[in-house]
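In order of appearance the chains are A, B, C and D, and numbering begins at 1 in each one.
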């Protein structure tokens, strides 16, 4: 249980070199801090705000890059899937399939993901209550696959705004499945820039501290060497150069929370 | 513009006979009232709250039943699609493809639907602001297909509750696309029954009056001869026996709204 | 029951002449349209966003001006009270005491208002559900005064935003007390201008139509001959010059709603 | 800055003996843990959900009891005020005047409180954004009194539900005033029991940990030797017997948060 696992990487796969550079940096930090790393990156941004936004490198190329990272650094890799057909091939290259929040109620996707036997990280829909996730998990578990993680990434709060109801962390934990706190998408301002989502990167550290103080199994943070030049989620990603200090500090809160819990 | 078009039918296709019986009743009412009818029914309920819920008759069978209704009653038919692959075959049998609210940001689905050339009814996601729908419509329009309808069906408001922000109707109308008011799903209480969504059928008439008084191009109402025995959306469907009186009254509000607008 | 009563006037009392000019204009319009008028204006804006905002003419002067309008035009007058002490003197000059939304749970104020025997218009707090208003009304009714009106003016929806849940109108009507729709404050954007509240005057007509289509006993609309120069609530007030056309149209929706309800 | 100050006591003053018993227990715990204590209790519950709820011992009697606690235990005492008239007498007996959330926009109350020169703890209204509190503080500061604390106690989230947006803590801290986290009222379910507010006492410890991990100057927790028999706020108060263990644990999170902040 100790310490939290880190799910981290750049929002989308930009190139093999870029992916490997970030993986190398994260791998070194996590090794030094004794934190388990799951490398995360997307091969396709399937639900961008605008049609003009960049989509990504595509599945075949993306999965190959992720498999390369798994091999080179020996760490599990995670990517998100958007259709039942993607689940099987993705599960051959990655360790964890992630279900996007908007898709967390799509039965066929949940079943196809579950049937691969891979671990599944399901994001809680912005339109769901934390207790609704028990039904979501039960769809996956109906395949016999109980390797399920439930992930908080914010709930709709008025327009173009998300809020983290931190009570959701212990509520989702009552299912018995590990709970992940996604600090990156929790600070998203959906559609807040008109044709793109805005974000409040400055709140990643305090909210991550809060989540760890309550107690979570894993933390999800997207990172990039130059977030403001990234093709997606720039406003919410933490600069890679700040990750070591951030994680060092977060590890202390995690330890304290799990010390006599 | 006058009067509103009615999009109606049972939530899901139960059988050929059941579909035809409801179509016959709706066809007669709409004919008598001079209201255009688009018959609506789903071949697959792809995002039910629980894994144990009924899914439907399947695509092949469902599309055949819908095509039969189109032929027999001469009215356009509508069904919802859940993946890019479903769009082309569905568009061969139905006139209007509907994009479910949870899927309204899935770029591939919007593009595939648009490319069929069929009319598209996109539900506003419960997690979106009305002004965010301009970006959704632009994705479809990028295919050259401008036959787009934007549909209000409620916005997340706390947990297990939706609210209609009626300002959303004129805001979405500013796109220039016709606006649909979905009175059925607006009174849904998502996940409100634990393993299923609840609903408040009693608010369908007042909310539909309100939407028509503001001004909409079409009204979406699911109906069933015995809603409490229906395999889905029972708590929100209007009994078929009440539809004639309801529509008669709603038509008067629509006329008044469009009279000197 | 027919037609709706209009509660209208400028947000605050600016001067005797100003108040009388607006009263004269409203009185003539309402007389022509056969609509009952309750003249509304505030002698003190007790909860402005900023300390620098104008507060008003004060109680003594304000009540005298309102009493003068009552006498001159023969119409009931309404003003809002902010403390138990204000209730008795206010009730000597006006017919209806109004409880501000922020104060709708203050027991002493509700009791003091009730004890005057005057009619009471209680605004639903932005932080309350419509069904919570039964408890608010019961506090007033405990004084033996059942002359209670319950007023919808929007509910908190995220930050700096209100939404009208139109279901609240029939829900509050279940108490048996007449329901008022406040179209002016419903389009307020609280704190939306930083040091002042913003507003969306353009939504007053559609939302008022919606409320009347559902069915309300009274409509509350603030008006001013030059809203953008008004000392408060400018962004939400309807220009006086537009009131006749607006009310003519609204009266038609009210008639239709009450025709065969 | 280190450690946090504790604002604690029973929701309302029940009797001199009861108040002193709880004060004695809290005083001992805080002394042992090196935490500064501000004893809190209300002499009047001025905005109960229902008219039938208990109001309290009254101002004269309540202030005397609080002054007695201040004298006996040498700790500052806090109570809430509901009208401008109460401020001066209250400030003669207590050290901190508290402005209730519903009343945080009432200019006269804020000014009267400020003019006493006492420290002021203002609760953020459930209907306000965290940044709106700068205007509230400015009203108080206009009296020359800068001894202001800003207190988070939840924001309206749908009906009968509050949510803590933890970003509000650093946002309010940008004013330069100390920020208080009220763990008790944050877990209130307003009106959730029909004629009374419900609550979720079980979330006090995790939410308090989260707030301290983010960083606050003070923590507000109501406590009672038998919460379920208390005349108000029973469902949200922490049993007195659990306070020592809870505070011990919370102190560790506070230390860690302030260690290298």
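Rule of thumb we're sticking to: a contact is a pair of C-beta atoms (placed from the backbone, for glycine too) under 8 Å apart; a residue touches a chain by one contact, two chains touch by 3 or more.
Here the structure is a predicted model, which is why all the values come from computation and not from measurement.
By count of C-beta pairs in contact, A-B exceeds the other of the chain pairs A-B and A-D.
Taking each chain's centre as the mean of its C-alpha atoms, chain A lies 33 Å from chain B. The geometric centre of chain A is 37 Å away from that of chain D, both derived from CA atoms.
Residues of chain C in contact with at least two other chains: 157, 159.
Judged by the touch criterion defined above, the protein chains are all mutually in contact, each touching every other. Those residues of chain A whose C-beta lies close enough to touch chain D in the complex are 157, 163-167, 169-170, 200, 203, 206-207, 209-215, 249, 252-253, 256-257, 260. The residues of chain D lying in touch with chain B in their complex are 157-159, 161.
Residue ranges on chain B touching chain A, taken from their complex, read 46-51, 55, 82-84, 102-103, 105-108, 125-129, 131-132, 135, 138-139, 142, 155-156, 159-160, 190-191, 195.
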